[in-house]
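When the chains are written out, they are named A, B, C, D and E in that same order, and each has its own residue count from 1.
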Amino acid sequence: MTRLTAWFSEGRSTGKHTLPFVVILLGVTILASAANLFLPADSAFYVSTYTITLLGKYLCYAMLALAVDIIWGYCGILSLGHGAFFALGGYAMGMYLMRQIGDRGVYGNPLLPDFMVFLDWKELPWFWLGMDQFWFAMLMAVLVPGLLAFVFGWLAFRSRVTGVYLSIMTQALTYALLLAFFRNEMGFGGNNGLTDFKEILGFNLQADSTRVALFLITAILLAVIFVVSQKILSSRLGKVVLAIRDSESRSRFIGYRTDRYKVWLFVYSAVIAGIAGALYVPQVGIINPGEFSPINSIEMVIWVAVGGRGTLIGAVIGALLVNYAKTRFTAIMPDAWLFALGAMFVLVTLYLPKGLMGLYGQLKAKRNTVMNKESQA
Amino acid sequence: MSTLDSTREFFRRDQVWPFLAPEQAAVNVDNQVILYVEGLNLSFDGFKALNNLNLYVNDGELRCLIGANGAGKTTLMDVITGKTQCDSGTVFFGQNHNLLNKDEAEIAQLGIGRKFQKPTVFEEQTVFDNLELSLKTDKRVLPTLFSRLTPTQIDRIDEVLKTIGLAKHRFMLAGALSHGQKQWLEIGMLLAADPRLLLIDEPVAGMTAQETERTAELLTSLAGERTVIVVEHDMEFVRSIARTVTVLHQGSVLAEGTMDQIQSNKDVIEVYLGEEAASEKAQTRTKAQKGASE
Amino acid sequence: ADTIKVGVLHSLSGTMAISETTLKDTVLMMVDEQNKKGGLLGKKIEAVVVDPASNWPLFAEKGRELLTKDKVDVIFGSWTSVSRKSVLPVLEELNGLMFYPVQYEGEESSKNVFYTGAAPNQQAIPAVDYLMNDLGVERFVLAGTDYVYPRTTNKILEAYLKGKGVAEQDIMINYTPFGHSDWQSIVSDIKKFGSEGKKTAVVSTINGDANVPFYKELGNQGVSSEDIPVVAFSVGEEELSGLDTKPLVGHLAAWNYFQSVETPENEAFIKAWHEYTKNPDRVTNDPMEATYIGFKMWANAVTKAGTTDVDAVEQAMIGQTVPNLTGGVAVMNKNHHLSKPVLIGEIQDDGQFEVVWETDGVVAGDAWSDFLPGSKDLISDWTAPIKCGNYNTKTKTCSGQNY
Amino acid sequence: MISINKVDQLYGGTQILWGLDLEIVPGSITCIMGRNGVGKTTLLKAIMGLLPITKGEITMEGDVLNKQSAEKRAYSGIGYVPQGRDIFPMLTVEENLRIGLPVRSKRTKDSPKEIPEKIFELFPVLKDMLHRRGGDLSGGQQQQLAIGRALVLEPKVLILDEPNEGIQPNIVKQIGDVILKLNEEEGLTVILVEQKLGFARRVGKEFRLMEKGRIVAADKMENLNDTLIKQYLAV
Amino acid sequence: MTLRRITLRHCIALCCCLFGLFSLSTHAAEPTSLDPLLAELGEAKIKDMEPILVRIEAVSDETVLPLLRTLLNGNLYYIKAEKKVIGEFETNGETYYKDVFTDEINAGINKRDVEKIRVNNNLRGYLRNAIARIQLTSKSPSVRESAVRSLLSNLDQDTVATLERLYSNETHKKVKEAMALALAMHTASQTQLAPSNRIAAIDTLSTSLESDVRNLLTQLTRDDNAAVVSAANIALEKIAQRVNRFAFVDQLFFGLSLGSVLLLASIGLAITFGVMGVINMAHGEMIMLGAYTTYVVQLIMPNYIDYSIWVAIPAAFLVSGLMGVLIERLVICRLHGRPLETLLATFGISLILQQLVRTIFSPLNRQVSTPSWMSGSWEINPVLSLTWNRLYILAFALLVFIVLVIVLKKTSLGLNVRAVSQNRNMAKAMGVKTHWVDAMTFGLGSGIAGIAGVALSQLTNVGPNLGQSYIIDSFMVVVFGGVGNLLGTLVAAFTLGIATKFLEPTTGAVLAAILVLVFIILFIQKRPKGLFPQKGRAAE
């Protein structure tokens, strides 16, 4: 146990939140799951399945925010297209789930998903092959976003596309994918996307236990990714990444091939986004091209900014907070929630320049100066 | 380029076929020369910043490069370190490394370190981290991910910190350093990298006289094992370290020789030193000699 | 519970707010009216409004919220098909009940949904019949937004037209993205296609925001309704209110309802609407009527069943009748779709439609199109003994899903 | 001319200037010296209004400067040559110089809206490079541009932060001459931060030594002796 | 059905001749003789109206033209009580009724007394032809010409006979040409005529671009006579060449006009983002505000729609500009040195503004009318016509661009804003009033976005989502052109516009959009700083 603790807290300055974070995350998750599964529905502590799925969705978003933060907060690459990787991961999972429906679709076709039947398709397109295998689909969920990120990153970073140019290119990428996936000819269900899933690995997606399991898996993966990312970023590689953010050309002059660092970090981030997408789909029950929408990708960046970029925990907190606010606001004030959300973004920017984590830092700094003053007096 | 030309290019005797060349062949300095710069030309929208520039620097030499503002000193360093593409000419590091077809990172990994005219450090990292990043290590992605600071490396950093006088500030963010401190830090980063060839652009700008002296000592001690090229306008400083001085003017070499030769060179006095400065320098020299004899 | 709760699941922000906000107001107005009449089963009705913000996964989440947190008895909601598809699994899992009030592509029948908008056979087929028989149209441009409703509708129409002897080269199909705003080339192509000798018409399944720039371009390029009439399935009074209709007079739309139809029911409805919105210029439209019919039927069914229990209400719904606002009565069929009259109207310069043609009686909504190979053998029947949304009349089985 | 009373300044949590007092006599050339990081640049920025002070007062000819915005101070006649030049990199040399014209025409009613020829006489290289981007110039050229730019304002007080950094010897000499000339002929008050003793001695009339954010010694330049140098300038 | 129509036409034509001759000699026919017919028209159902109209047309005199026109426009009303028809007119927002023949205003009548005489598409078609037939004898040559042209698709024996008769007396060259064309079409289609005559006619036809001509020629390629077929083919070929040339011009115009829309939408962003460096996500909402301003202006002056645009342009500039100044003063100015944070704040602002118009103006689209001088198109020839609104917008976009360039190049604002964005502190030290410069520049960028909104209100929806639909394109254009370079924005906008429009016919709109995006992505690999990059040491 002590060795485990030591391992967790080993990373320098940036790593000091890791242990509390993991403990709180897993603790809350397990408690909520238990409260859902083992408490009667009328108990005061019962957690509804609605809440569980909602929390599961939040955690997926948190994972996505983590991905954005790694690339933006630490390496200064503002990606306005991370939604693309998320959605691709989601589509891979969606395709698997779609194939699991089998002949339980409305047309009862054992091979073709419903949308293909009524578009009069005769056979499964090649890129659907193998998607009925869970392992293969999951491989694709990380491979496809990773590969896209690799190709895009390799091209862009090698030609030294930086700053807003890179941001807008990532936006163009996700926008192009949005339009492409809208096309029914693409074979991904067009605007409707993929939905009406039945089961995953033989477990009924509608069952509470499956939902709780998905929720737990999401939490565990989030914790793992958090710890691994923390490790990576507090290693020397993390410092190189920060150096690239500060001054890329200087980093080159001391011998780092910055394009390679950026490509791999971009791929890593895209893979995380892909995993988040794959976990998201079975929990919300639908994947459609709307996830590629550039506005979605901008929102992700905003979660990170609200939480505090450059701190992993900030990204997670930002994603949880903004999405919780959205859920609450849309229900409490359906006609005016955009005012509240918009005002929240403006106020956070103005008064919390480093996001919520910055607030924590500000408070600490204040306490320190007060203490300094006192000790001087 | 015609096929014949490209074939010729391919079979040129003076270069190793790229696919045969070992990734990081040792720098070949059999001829004692470590840096060959030949026929370098570079113009910006018609303005010739470098004009058929030739320069040879011996291994282990400490070479001072002076010249009027805008003579092309910084630009020359830009070309050597891969920051700027030149229009024509060749730059070889040792006999076997053509620097013109390498990028900045490769050149740096070959062992060419550079200090910029305007100090550039990683402002959001601590002084210590700045030095750690500059250490001579395997700089590929995976090795960097798994590398840990070894005790020798930590010692090395401590040593450098002491040398540059920032030991007390080791955990301070580099961005919070004053101008002069940043200059020092940048020199420290050079030291940590342990390069073969150091290109140092105006190291003593903004330093006090004593610091200037210290810098001079430091650079002199580096020469021999390493090759150092220093650009500086502070003549006192140049005098205190220089063995050979090269004067650039309008993109090409105007004069080369010992400090005394240079200082009495008419052209150099006219375009660079100025009449009085030259005589003033001569006076201080005599004063210094007197002081020494006292 | 001491109130009966009605969930309203329409987007109030984002791209669909433009259409759906009106339906939210319609539901609220119906709730108001019902409460003035004393509510239902002696209880007041309480509306729970949420905003799924034109975000499709949010429809599922908000649907779940309505059903489990707010415990609503019924939901009125959705506009786009994808939003319905998104919330559908949730409705089925939690056995909720939803009324869907928009014309759509069909190919669906869920036990938990009542479809009060038109199926393709209640809109598209009669419209094309009118074009061929009354206007002598021989060439067709099928222009639509690229998503499932236009795709399916056009597939059905293509099959239907070919069945009627229209040649392949006399059908031009064109899809554009959502919110397409630059129609110059397409309108110019349509003009060209229409100038080749045969009488040509455009069948438009262009949806939402793309319509205004489309019609503006038609007007400016001088495509007049005598030369090339455009008949639309997604353009109603509401869409026209954002447009100067003078250059568009004579273009057509097919619906089950037009505001201009003069019946006492409609007059009362329009009056109530103006009073409710405190705006005498607000227009009414077809999805509003569908919402109106749906709400009335639900209220009747609840009264009949004496409970809001979903299964009981679902059974009580079938066979419910409510007078249409345009005359005649709408009947809820066993397949959860309505029988309604089909009207075709010409756009007038005041933004209203003038009815130029209508079906003799009502047309029964067909869940599964007879013109698609995959579904021509399917029917939906939610009464015993079949009790299934997709019963194959050939194999006598319920294929696939069977709730 | 300018007097600074008990000024404190903090960067975030760390205090840089500690109750600093400084009096600049009109028509003087005051040379501020001190080791790296003692707060010289910070002091000048505080005078310019580019850094807020937390305590104390800065006045110029009786006006309280520290309540004024930085741009107002330019109108009161302070010209500033910052350390590190701070040229507008994407503006041409000409545009860099033109920036100050509105202030100039406000301060000196008569002068036309043109860059005074005087500047080009002082730094001929600027004339050659008139249409080149400021950022493309060599370091020394930029430094000359920075001085020229400040002179466009026709200032009463010229603040120079290590103006000779990276400048070739004959121009260093020339800059010294310019400063002396402007001081003698036009009564320009000069505040000069300089590390190089030679230059400081030649140009400066007064010296102030700084340590740890305070002025620790002040006198006429003639009286700057080796003890003081050892104590405050040596490492 | 067709039989009946033909006989009807026959009658009309006959009457036509008679009355035509008659009217030449005796002048005006008695309008009173129409009264019973008109009463019948007023009472009739739509499907019974055509025969009545045929009888009315038989009067065949320009005197019935106002009646037919009023009916075609849907402005003819029936006074039940008096069994009379009357026209409804509108000037400056006031509706009044006047006699269609005498133009006498009948003040005593109001809406309740009258009933609209409705028409449908079939009737409209009929009316247009009838008007054309009557206008064949109009005094104005251009009216005669367009009458001939509009009859080309409807050449029955009687029309041809009329044309033949009128042809010999016609003196005006253009009208004569048009008539010759019509007659040639007739000749060419007569299979009983000698092939040589027909071929000569086909030759005449080969100079025309009318689609009716092409349709006829296409029919003739299936003729029994081989010589006619080959002549028709040659003629078609000749026409096709010219048509293709014009089609190219057409496409180019489409591209330019799409480009001008992109330019207008992005030019404000080129300032707030390109020059000032604010990642301005609320740019689209500034456009939206401009569009809503146009709507409000039209609400205020409903009777002067034609002039409303001239009021709307400055008004929109002010509204959006002031909003921009407000945003700058309240939010952006506190974010100096933190460009990325401006993304977050302006995104928040854009949400607020969207919801604000939703609350004030409802989520529905608002109706903005097109001034009459901007509607319709400029018909250069039968295959090439350019819509006026697009032409004006193209010109307007270029004008705005030029004015902006002048403002930024010739005033000190341009210099100051660049200085401030490059080094704020140094600019302050040089006496630049940075706050003022920031506010003015952001205001200018926003104001121009507002002007763009006025133009866009003529093309697309005026609704809360208007801004959202242009923001992505705007950023794309600015970045593609090279941030901070106005000329780049111009070139980028037109490049993307033209590229899209030349791709669209082969790929369809969706694929064209995708391909253009892919092209931009690849292009940026070649030129990582856009079309016109900032060069030099400092740009790194």
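Methods note: a residue touches a chain if its C-beta (ideal position, glycine included) is under 8 Å from a C-beta of that chain, and two chains touch if they have at least 3 such contacts.
Chains and their UniProt names: A = Urea ABC transporter permease subunit UrtC; B = Urea ABC transporter ATP-binding protein UrtD; D = Urea ABC transporter ATP-binding subunit UrtE; E = Urea ABC transporter permease subunit UrtB.
Quick caveat, the model's predicted, so the values are computed rather than measured.
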item: Smallest count of steps, each to a touching chain, taking subunit B to subunit E; value: 2
item: Relative to subunit D, chain with the most remote C-alpha centre; value: C
item: Most centrally placed chain - per-chain CA mean versus overall CA mean; value: A
item: For subunit C paired with subunit D, centre-to-centre distance based on mean C-alpha positions, whole Å; value: 75
item: Length of the line joining the C-alpha centres of subunit A and subunit D, rounded to whole Å; value: 52
item: Subunit D and subunit E: spacing of chain centres that average the CA atoms, whole Å; value: 63
item: Two or more partner chains touched - positions in subunit A; value: 179, 182-183, 249, 335, 338
item: Of all residues in subunit E, the ones touching two or more other chains; value: 354-355, 468, 510, 513, 536
item: Residues within subunit D bordering two or more other chains; value: 136
item: Complex contacts: residues of subunit B adjacent to subunit A; value: 81, 83, 103-105, 108-109, 113-114, 120-125, 129, 132-134, 139-141, 144-149, 189, 193
item: Residues of subunit E touching subunit D in the complex; value: 412, 415-416, 418-419, 422-423, 425-434, 484, 534, 536-539
item: Partner subunit A, residues of subunit E touching it in the complex; value: 273, 279, 281, 331, 334-335, 338, 340-345, 347-352, 354-356, 359, 468, 472, 475-476, 479, 483, 510-511, 513-514, 517-518, 520-521, 524-526, 528-530, 540
item: Interface residues, subunit A side, partner subunit C - complex; value: 48-50, 53-54, 57, 103-109, 115, 117-120, 179, 182-184, 190-193, 195-197, 206, 284-286, 288, 290, 327, 330-331, 334-335, 337-338
item: Subunit A-touching residues of subunit C, taken from the complex the two chains share; value: 12-13, 49-53, 55-58, 60-62, 64-65, 68-69, 80-82, 85-86, 88-90, 93, 107-108, 146-148, 151-152, 155, 177-178, 372-375, 378, 389-390, 392, 397, 399-401
